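You will see chain A twice below: alongside chain B first, and alongside chain C after that.
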Partner chain A sequence: MAIMAGFILGFLILLTVNYQQALAGILIIFKGGLNKGLAGMGQVLYYATPIIMTGLAVGFAFKTGLFNIGASGQFSIGAFAAVYVGVNLKGLPASIHWMVALLASLLAGAIWGFLPGFLKAVRNVNEVITSIMMNYISMSAVNMLVKATVYNKYKNESLPVMASANVPKWGLDKIFPYSSMNGGILIVLIFVVLVYVILEKTTFGYELKACGFNLDAGLYAGINAKRNIVYSMMISGALSGLGGGLLYLSGSGKYIKVIDLIANEGFDGISVALLGMSQPFGILAAGIFIAYIKVGGFNLQLLNYDQEIINIIIAAIIYFSAFALLFRTRLLNLFSGREKIVSEGFVEADLAESAENKIEEGIEK
Partner chain B sequence: MTGLDLLFFLFQQMMYFSMPLLIVALGGLFSERSGVVNIALEGIMVMGALAGVLFIFYMQNYTEFAGHLLLLAAVLVAGLAGLVYSLFHAYAAIHLKADQVISGTALNLASTPFAIFVGRLATTKVIGRTVQQIPFKNQFRIASVPLLGDLPLLGPMFFKNTYITSYLCLLLLIVSWVLLYKTRFGLRLRACGEHPQAADSVGINVYKMRYAGVLISGILGGIGGLVLVIPTSTNFNATVGGYGFLALAVLIFGQWNPLKVFAAAIFFGFMKTISASSSSVLFLAKLPISSEVYKMVPYIATLIVLIFSSQSSSAPQAAGQPYDQGER
Partner chain C sequence: MSYIIEMRQITKSFPGIVANDDVTLQLKPGEIHALLGENGAGKSTLVSILFGLYKPDSGQILIDNEPVEIRNPNDANALGIGMVHQHFKLVHNFTVLENIVLGVETTSRGFLKMEEAKEKVLELSQKYQLRIDPDALISEITVGMQQRVEILKMLYRDNRILIFDEPTAVLTPQEIRELMKIMRELTAEGKTILFITHKLNEIKEVADRCTILRKGVKVATVDVPTTDKTEMSRLMVGRTVNFQVAKPEQELGEQILRVENLVVKSPTTGKNLVNDISFSVAKGEIVCIAGIDGNGQSPLVYALTGLLSIDGGRIYYKGQDVTNLPTKRKTELGFAHIPEDRHKHGLVLDYRLDENLVLHSYNREPFSNRGFLKFSVIENYARELIGKYDIRSALGGRTKARSMSGGNQQKAILARELDLDPELLIAVQPTRGLDVGAIEFIHEQLIRQRSADKGVLLVSLELDEVLDVSDRILVIFEGALVADLDPKEVTVEELGLYMAGLKVGAEFAR
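Let's look at the complex of A and B:
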């Protein structure tokens, strides 16, 4: 329902800008990545790779009661670490080089996530504010580090990494020809499952969720909440940092640009996590969905529309989904009257399912 | 530049950065004191700045309507835009009891693309080129306030190279303080943020008070966006550079108290001044420190300050919790 509302708003915007082409425009958005067949879908998966990672990062933190709005900062610092290793670490066998580079991005992200977690645990500093400050610090720090170490001064961006540092394609570029497709998406899949297992199948994950759900109850049950906050932010940061590594080691000719802009992938990650309701597999679907309509947004420029419309639509979907749950429950209450207490429990479970169905519907379209 | 001139220059710069922080943080204060966390301030600032700058952009060619009159009208427009935008947050947070952080984040996410989109639309139609920056002629600087500008020391510090908006912000600070602490409205507003159930039990309409809190924050946030852009730039590039979030940090540092918020805003403004003027101030430029380090200064300072001020938090008790009458 939230997605529908978002699209209706997008359609209205298209109408006000240029009413003659509005219908064609909204169709392009729906068609999204399918516009160019398999190449288009490859492109969708390529865009989805980093934002699923940042989505997992934000979602993981959400599950443990933290809002990691700093995914952008962790993302860029991870990207820098990966590129640094990719350019400078020579003499490693090709099969290991890219793994080391990705590991570096993972660690860098974890370190960047550690600080907000540590401050939250020890000094009760609001993690939203600290991680935003960390975003700006990482923006300047990455600019400075790139300039100092891996700088291509003619293009004002980072140097290309060695071929051995790029994530292998594992034949995926054959399946999806003419796209920037690479093995990153498979690594993402592994991490989706990994996060699912951590959250749902381990004691550690259970403790994290317990603290997120009700801190006092968690404390009463003897869970070391402070330690868990730090771990949770570090894992979240690591996921996000890996996203940065995967994007800049994709061998698609993407380099870290020296500009004063915060990486957008982190904010996309917030959208993805919210839309995926913080469930790992929901995040996977939501990431592909958002990448899908973003590719549609690029095609929208063919009709002289602004691709920013897509970002407005995504934000609108998030806004509507913030209260869609409550709205649905209330509607049902209206009909069911006195039985509402019984039904409420079921409604939530149903909604999670139906939301995922809707996302899949969106993709099929 | 002599030492004294440098001091005056830094002071004037500091006013440009501190005043928007002050007024946006005050906006956050009203909202949080009524019990609604308003993380959407960043987005509200963008919308306010967008509306205000667009207004100037369209109206600046009418000569009979220029100078401070135009600026004050733009301030009104900006406040109005902020108010309308904050309505979305208020409706979601108060009426629909949505998660206030998610609703605020969504509004932040929507604001910049919307501003880029509108900016491109407006510039295409008026200048014929499609750029996302909306340019405006800065005709609002007051070189020196009559009489007061000639005062020794204080004159150059507070009354030269200034903007009428700076004084407006100080006026709003006083108004806010009076409103919060000397009126019945202020007492009720604060009660809703501390213990809404108790407030309701004595007949205060919590929903109404919370709406008032969020809408006031919308007005102040919108004005803050414009006040930030006018002195520090000649175009609006769809962003306010994290000022909305800095303002939230100012609010925490200022312990949700208007006068302490004022002091905190001055402090942050000073930090921002150091980073912004590092290249133009000789002795800072000579140091072997890259400009990126200076850019980090305000944010690192924020972190350090938060480390020392967050422990003894006096945040409103009920901030962030949706109020449900049934839970009384």
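Let's look at the complex of A and C:
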């Protein structure tokens, strides 16, 4: 429903921009990745890889009662760490070079997540604010570090990593020819399962969710909530950082550009997490879906449309799904007669909306 | 006979449950009509239908003998029906006056005309003896005054049928007495009151007639003056209820808890919330901390259980210094805690019942192994506790705690805490908001702990409970203990004097 409404709005926009091509345009979006057969699908999965990771990061934190809006910063710093190791760490066997690089991105992201978590735990500083600030610090720090260490001054971007640092393709490039497809998506799948298992099957996840749902009850049960906040932000940051690593070690000719722009993948992660209801498998599906229509949006340029239109459509879909959520909690409320749920529905919707505003900001930038 | 309101043969079902089954409710003009029933008996549903929050599946509502359709609270308002909800619906950063006129503001060309409104409000407050300060902020006034604001809201809208949904649950004994007086005055002025409660004393004191619901069915409508409490409770619960708790003699064992000069300061004002408190609890003893709400009971309990840090004094458990041990260690040593607020502390409402039942023990064998939860074991354990403590819910262990009734939530907490087999049970208002059947059950469980030679520290605001259940009463006033009393010797009046701080026991004078 929400998705349909989003597309209808998108269609209207296409109509207003250029009515002659609108029908063809919306069809291209629908076809999305399928436009070019398997190559297109490979491209979809390639785009989905980083945003599923940032989506997992945001969703994981959200499940534990934290709003990690700093996925972008963690993503960028993770990307830098991976590229640094990929360019400079010589003499490692090819089979483990990429693993070390990914591990570096994971750790860098975890450190970036640690700070807001630590401040939240010891001084109760709102993690939304600190993690936004961390986004800017990350952006500037990465620009500075790239210039200082792995700078390609002719192109104003990072140097290419060694071939051994790229994530192996494991034959996926054969299945999806002519695409930027690589093994990253398989690593993502492993992490989707891993996050699911941690949240749903372990005592650690039980503690994290208990504190997320009701901090007072968590404290009452004697759970060390402060420690868990730090762990949760670190894990969230690590997931995000790994997303950065996976994107820039994909061997697709992507380099870290030295520009004053906060990585969009982090904000996409918020959309993905919202659309996937913070459930790991939901996030997987949402990530692929958003990547799918993004590829469609990329193809829109064939018809002289701006690529940005697809961002508007995605934003619309998220808006409508937030409304759907609100509507559903209202209906539930009618059945169960609990007015409390309504107010909580509002909080959720508020949260969703504030997240969207952030996304919009990101898009504007 | 003419009725002001008639709800005829109302039936309303929700998925899996018939909340009201062919219920008929008739209110005479100018009476106080009580609606009595256990938790989950269908009282709230029936009233919600009257107030337009639900639509009945079948049945008819007549007001002044005219059939009406009430689709939403605005319809109800237009028909002169007003309601004071159990949880007040007030805007906290608005003044009393602004809250009263909210929605029916008098305006002139888009500008508020508060002066006129203020006059009318003051007039009403004079007429009905509802003392309020129209310019005070809601967040700064007492709960009792907030309730008066709610009542004024109804009067300001010229409502003539007033619904009170469990109005006394949040009030102190003094405020309850005042409310009863107000209710009588309102009826004297021609208003009709529907009074929802499960407290028999209050019905006996103020109501004219009483309709009793049990499991969604109307059992009877009785005249209150000619029906005694035992009869009403029998109708409500379906069996005879013991009001007097049977308490066998019990030898006191050795000391289990000793508190010495405990001090807890407020983090914001630096005031002593708990002011130099010393006492002890022995095995086989129920010690009750009595007092008016907000006199330091909560910080005392939080300090004992490790939820709040301590600014002075020591706590000994079986002779061991446990002053600064974290909550988890205390639970492992044998503390159990039934918290005063079951939603805030007691339960993770978005967790399922079975997940809530292992809130302390989830990380121990057999519920988990190397960090992984064993759901089949947890489910079996939940099934066992659900049977043993008669916890009722729609889907058993899989029910979300949020969707359970208050009484069953409390039973779940009780089951979890007692199944820890604690040496020391700290129970804070364990019967708050529960009906007589559930209260009886919980009191039995407390006595059973005592008979098993365990220590019980009970914090209660209910005087009946204090006098019936405990072996020793400690009265707390403004953070300090003011008396150590024997419940067999003390009277309610005397206890009231201590609680109000008008009397201090000889050994506590300073």
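We take it that the second predicted complex is superposed on the first by the 327 of 365 C-alpha atoms of A that agree within 3 Å, B and C clash if a C-alpha of one lies under 4 Å from a C-alpha of the other, contacts with A are read in each partner's own complex, and residues count from 1 in each chain.
One rule holds for everything that comes next: contacts are C-beta pairs under 8 Å (C-beta built on N, C-alpha and C of every residue); 3 or more make two chains touch, one makes a residue touch a chain.
Here the structure is a predicted model, which is why all the values come from computation and not from measurement.
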First, second, both or neither for A:Ile309, with chain B first and chain C second: first
First (chain B), second (chain C), both or neither touched by A:Asn166: neither
Which partner reaches more residues of chain A (counting touched residues only), chain B or chain C: B
Touching partner for A:Met133 - first (chain B), second (chain C), both, neither: first
Touching partner for A:Asn214 - first (chain B), second (chain C), both, neither: second
Partner chain(s) touched by A:Phe204 [first = chain B, second = chain C, both, neither]: second
Chain A positions touched by chain B in one structure and by chain C in the second: none
Residues on chain A engaged by chain C in the complex (per definition of touch): 201-204, 206-207, 209-210, 213-214, 216-224, 334-338, 341
Chain B-facing residues of chain A, complex: 13, 17, 67, 69, 115, 119, 123-126, 128-130, 132-137, 140-141, 143-144, 147, 260, 267, 270-271, 274, 306, 308-312, 314-316, 318-319, 322-323, 326-327
Complex contacts: residues of chain B adjacent to chain A: 39, 88, 92, 96-99, 101-103, 105-107, 109-110, 112-114, 116-117, 120-121, 242, 245, 248-249, 252, 290, 292-293, 295-296, 299-300, 302-303, 306-307, 310-311, 313
Chain C - residues contacting chain A, complex: 14-15, 44-45, 48, 53-54, 305-307, 326-331, 337, 339, 344-351, 355, 359-360, 362-363, 368, 371-373, 402-403
